[in-house]
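Questions regarding the structure given below will be posed in turn.
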């Protein structure tokens, strides 16, 4: 499991508390302000997106914590293995192999290349699915980005409400200016809550979901490229090198790391095996 | 009917009132400020967009409340049904069937595949209609987005007007500083009104209209894909699977949900029925 | 003539005056502040865009007031009429007809289909013209958008100048604090002027020009599509339906409006006439 | 030479001085603040872009002042002249003519059509050059846009520094509040400097460079289109009309301006000369 | 090595210290504020991006300091040299030559043209690698851009915390107003830290990484174009001119610089050598 997001949030929260001063923590606790910012942001999100978006919250949290859910390197290894099986036993053997695979997109793609002989049709089907996946993910990220924008807005609303109340009471009783500091500090707390929520909560969620999305898209692109190459009967070694070129150099781990730094896939092997 | 937007707005408004304090609600009522922000925003929207945009307001509210207007799953079921009818009784039978369909785009598309034999021409006609729909919707959303930006601007204008008046009066009679709190609170109310309008009213409308737009585009894309497949004589089962791949996994409900989690459309059936 | 923009601006201005209070209008008149914001914005626009942009100002105002300059529905009717003439009397008859047409783009397009037999060449020529039109319009809109951004900036510059002068004088003579309110109110007026100019003047102009641009592009696209269909000898009824699909449903007015709501162009007629 | 940018900047500066008040100009002179904003912005630009970007400053100023460097109308005239020469004396005659042309891109293009018979290859070469030109210009504009964003940031940094120093000294000696106005005015001056630099200096430079870029791209696109038409042996009159359609109607100056308003290129002549 | 970024940052920092005043530097040192801004930004970046992003920090610093890592002009010279060798000794000779080349992408590309005869396949492979490189770099830049946005946000959080504490203490003991200046100055320091970090640290890093990215993409595009031309057997002189057209005119250094200003690649030589 990948708890780094929660660790980062926890460290930032502890830091905030250190900054506030342990003895002055009481200055920063104001349930009413908390309710305005939290519930206000949630109500405005609900008004804008409806129930559906909230139902998927647990799924998103699970996704963020899922370490290596979309591990491109393992996926390449599996594809190369499938390519070797297809070479030895024929494409039909993949139907049996596909049952061992957990990822539904990989499984579906393997079954497709066994069943549908037309490569361009398979490509179109899988890429259409990816396209709609992309749009759905963009909407999901948009939900949290809206939260990132709404939290400071509700913080500001809370502060304005506090300021108006303070200024009104100030004018009524002239001696009221003795509590002006206290009142203003309470007014400012909602802004503080809003900025903290946006930067320590919504911000990291947005970035993590984008990261997972990028991983999933890369992962599924590798699968599409891979299964089509398997169907075309490409050489497994050459396929390995081709798919590896999708990764950053520091993510690749070829056996001979003597050259250091950035290494290029060795196209030569590919040539030999093609002969 | 889908009232979730109005429920969300109502909850947020109740929350604002709770935050203001029931006994201090009078502090936040200032008809003049209200008029400046509301009428100012409307006047500036009118200056920028003319009468036409306002005439469509009721239509947009109706659209936001229309639950399941563009239900992709039902649409797929209908398309598959049409495909089965076309297979049994021939394409011409769809002319009769199309009369039962309420959605004008679906009806038009069905009539088109009966009448026009050239698939690429149909595709071009329907996609052109979608393209211009897309542009018109973008302009509609832009209307409310402009409102979202104008409301806080008029809030700021109101506050500046209030501040200038307050500061002027302050300098004239030196004893005027006794009402400075009252005056400033009134000045700040317009900013509060503007921020609330932007985040609790215009914001949710913008998001809902975008959501409805996405639903409509997906819905109509499925129809285009579907009717062309019917005309091409595609197998209904295969068509069902193909169109289902447009949906998120949690929106699909195949009979055998034993695998849990994300499931892929079963391409195998498609193959069998193709034989 | 379409004066809705000026009506909207006037209403907003009256509202501002109402907000300021008729008896306190004097508080908001400060010629020096006015000069800084207005002339400053103009000077900075001049520095950024040169003389040419200003020369076109009257043309832009005229364009904004020109009601129905680009009326797509009338244009479709005219195209259909031309298509009928072309069918009856042949393409060459359009040369005579084109003289009655006012719009130069429509006239030019008609002459082109008479003179140039190569449809793809005509399409390329007309679309190139549209492309450069699009770029020129974007630059025009950019001029007013820059004004929208510069006005509040010069408002802020004026306020900063006022504040610095106020603070300096305050420190010199300790009794100077009696005019602090007056001085600050004057400093704030420039910000108010800048925000008003941006939101009530430049903003609506930007939106109107964009609206006119969209209308013109739609109008000219319909002409391009239409004249090419005339040259190809398309059936006028079918052409009418095809071009009507470019419009929003509420803009179309077919005879049989019994279905209510959104209606689709009837493709059937198109088929019949094709037989 | 085109000094309009400098005239605009000068007018805006004079206006600022008028706004400050000639007798109070001393209030706005603070060398230390000036150094923080100016040198700070330059240092941050240097940190971000290195030496190279600064070396091109004189070139950019020269470009901004170069009036009619990319005069599309003159260019069209020259191209039409070349087309006539090519028609009379053959393509090879252009080799001699090209020596008279100053603009290197035009000269190169003319030599290319003489030397390379493959039109698609010429097009690809010239368009690739334009593509990379586009990217290099975008980077140049980005340099000044960064300056536009950095100047107010350094203004704010200077103000924060001034405020911290003021507040610190205030707490040390209780009698220090007598200079609070003076200190704050100095603190605000850096913000004023930053906003002025961004809006009166960097802003106009950004807009002018974009304008010159647009002119250059249009100019070079006309050349590419023109020389390819010369090579293809297009009729000079027809070519003139085709290239003129790239310009706005008010930039064209046909002899018969009787129609007024927007006029379309007369395609008929083109037809005649084609016969 | 290219230390210009660090020189720029150092100059800006010295300037800040000069602005603060050497005798008042103590006013600007507050370890607690420093920790809130620095650690807060790092914690939020960690929450958003995880460990991986931080591991690559040294690599990015090295990249920024690597002068001429992607020197397009040297690269063109090398490609032309390779083209000459390929012409004299045949394509296979490049296999030996490729061992002398340090850049792995160049080496890989050379081996590919020796091994794979299908040019379109090579192009696809190399361009796919470039595409994914582009995406990975965009993510890297996004990391520092997020830092640029987070630093001022944490500065603001620190200031709000300071203000709340100050205002609370103010209300408790009425005599506490004597330290209000000191307290507020401390509160403002975090904002100052945040703005400085964003503009003097993260900003330049973002710009440098983008610059290096542009250099790398240009460099690799030249290699792709170059090796494909070598495989196609293009004339080395012609190739030199073609690749040089990718560069800005001031970056090219042809022997005959008599014309001054901008010079065009001489296409004529290319023609001669083609004959």
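Going by the order they are written in, the chains are A, B, C, D and E; count residues from 1 in each one.
The rule we apply is simple: contacts are C-beta pairs under 8 Å (C-beta built on N, C-alpha and C of every residue); 3 or more make two chains touch, one makes a residue touch a chain.
It should be emphasised that the depicted structure is a prediction, and the values quoted were computed from it without experimental measurement.
Fewest steps needed to get from subunit C to subunit E, stepping only to touching chains, is 2. Looking at subunit B and subunit E, the chains in contact with each of them are A.
Counting steps between touching chains, the shortest path from subunit A to subunit D takes 2. Look at where the CA atoms of subunit A average out and do the same for subunit C: the two points lie 40 Å apart. As a whole-number value, the distance joining the C-alpha centres of subunit A and subunit E reads 25 Å.
Chain contacts: subunit C has no residue touching two or more partner chains. Each chain touches the next in a closed loop, which from subunit A via subunit B reads A, B, C, D, E.
Against subunit C, in their complex, subunit B makes its touches with residues 32, 35-36, 39-40, 43-51, 56, 59, 104-105, 107-108, 111-112, 115-116, 125, 128-129, 132, 135-136, 139, 146, 150, 153-154, 156-158, 160-161, 163-171, 174. Within the complex formed with subunit E, the residues of subunit A that make contact are 2, 4-9, 11-12, 15-16, 18-21, 24, 27-28, 178-182, 184-185, 188-189, 191-192, 195-196, 198-200, 203-204, 206-208, 211, 214, 218, 242, 245-250, 259, 261-268, 270-271.
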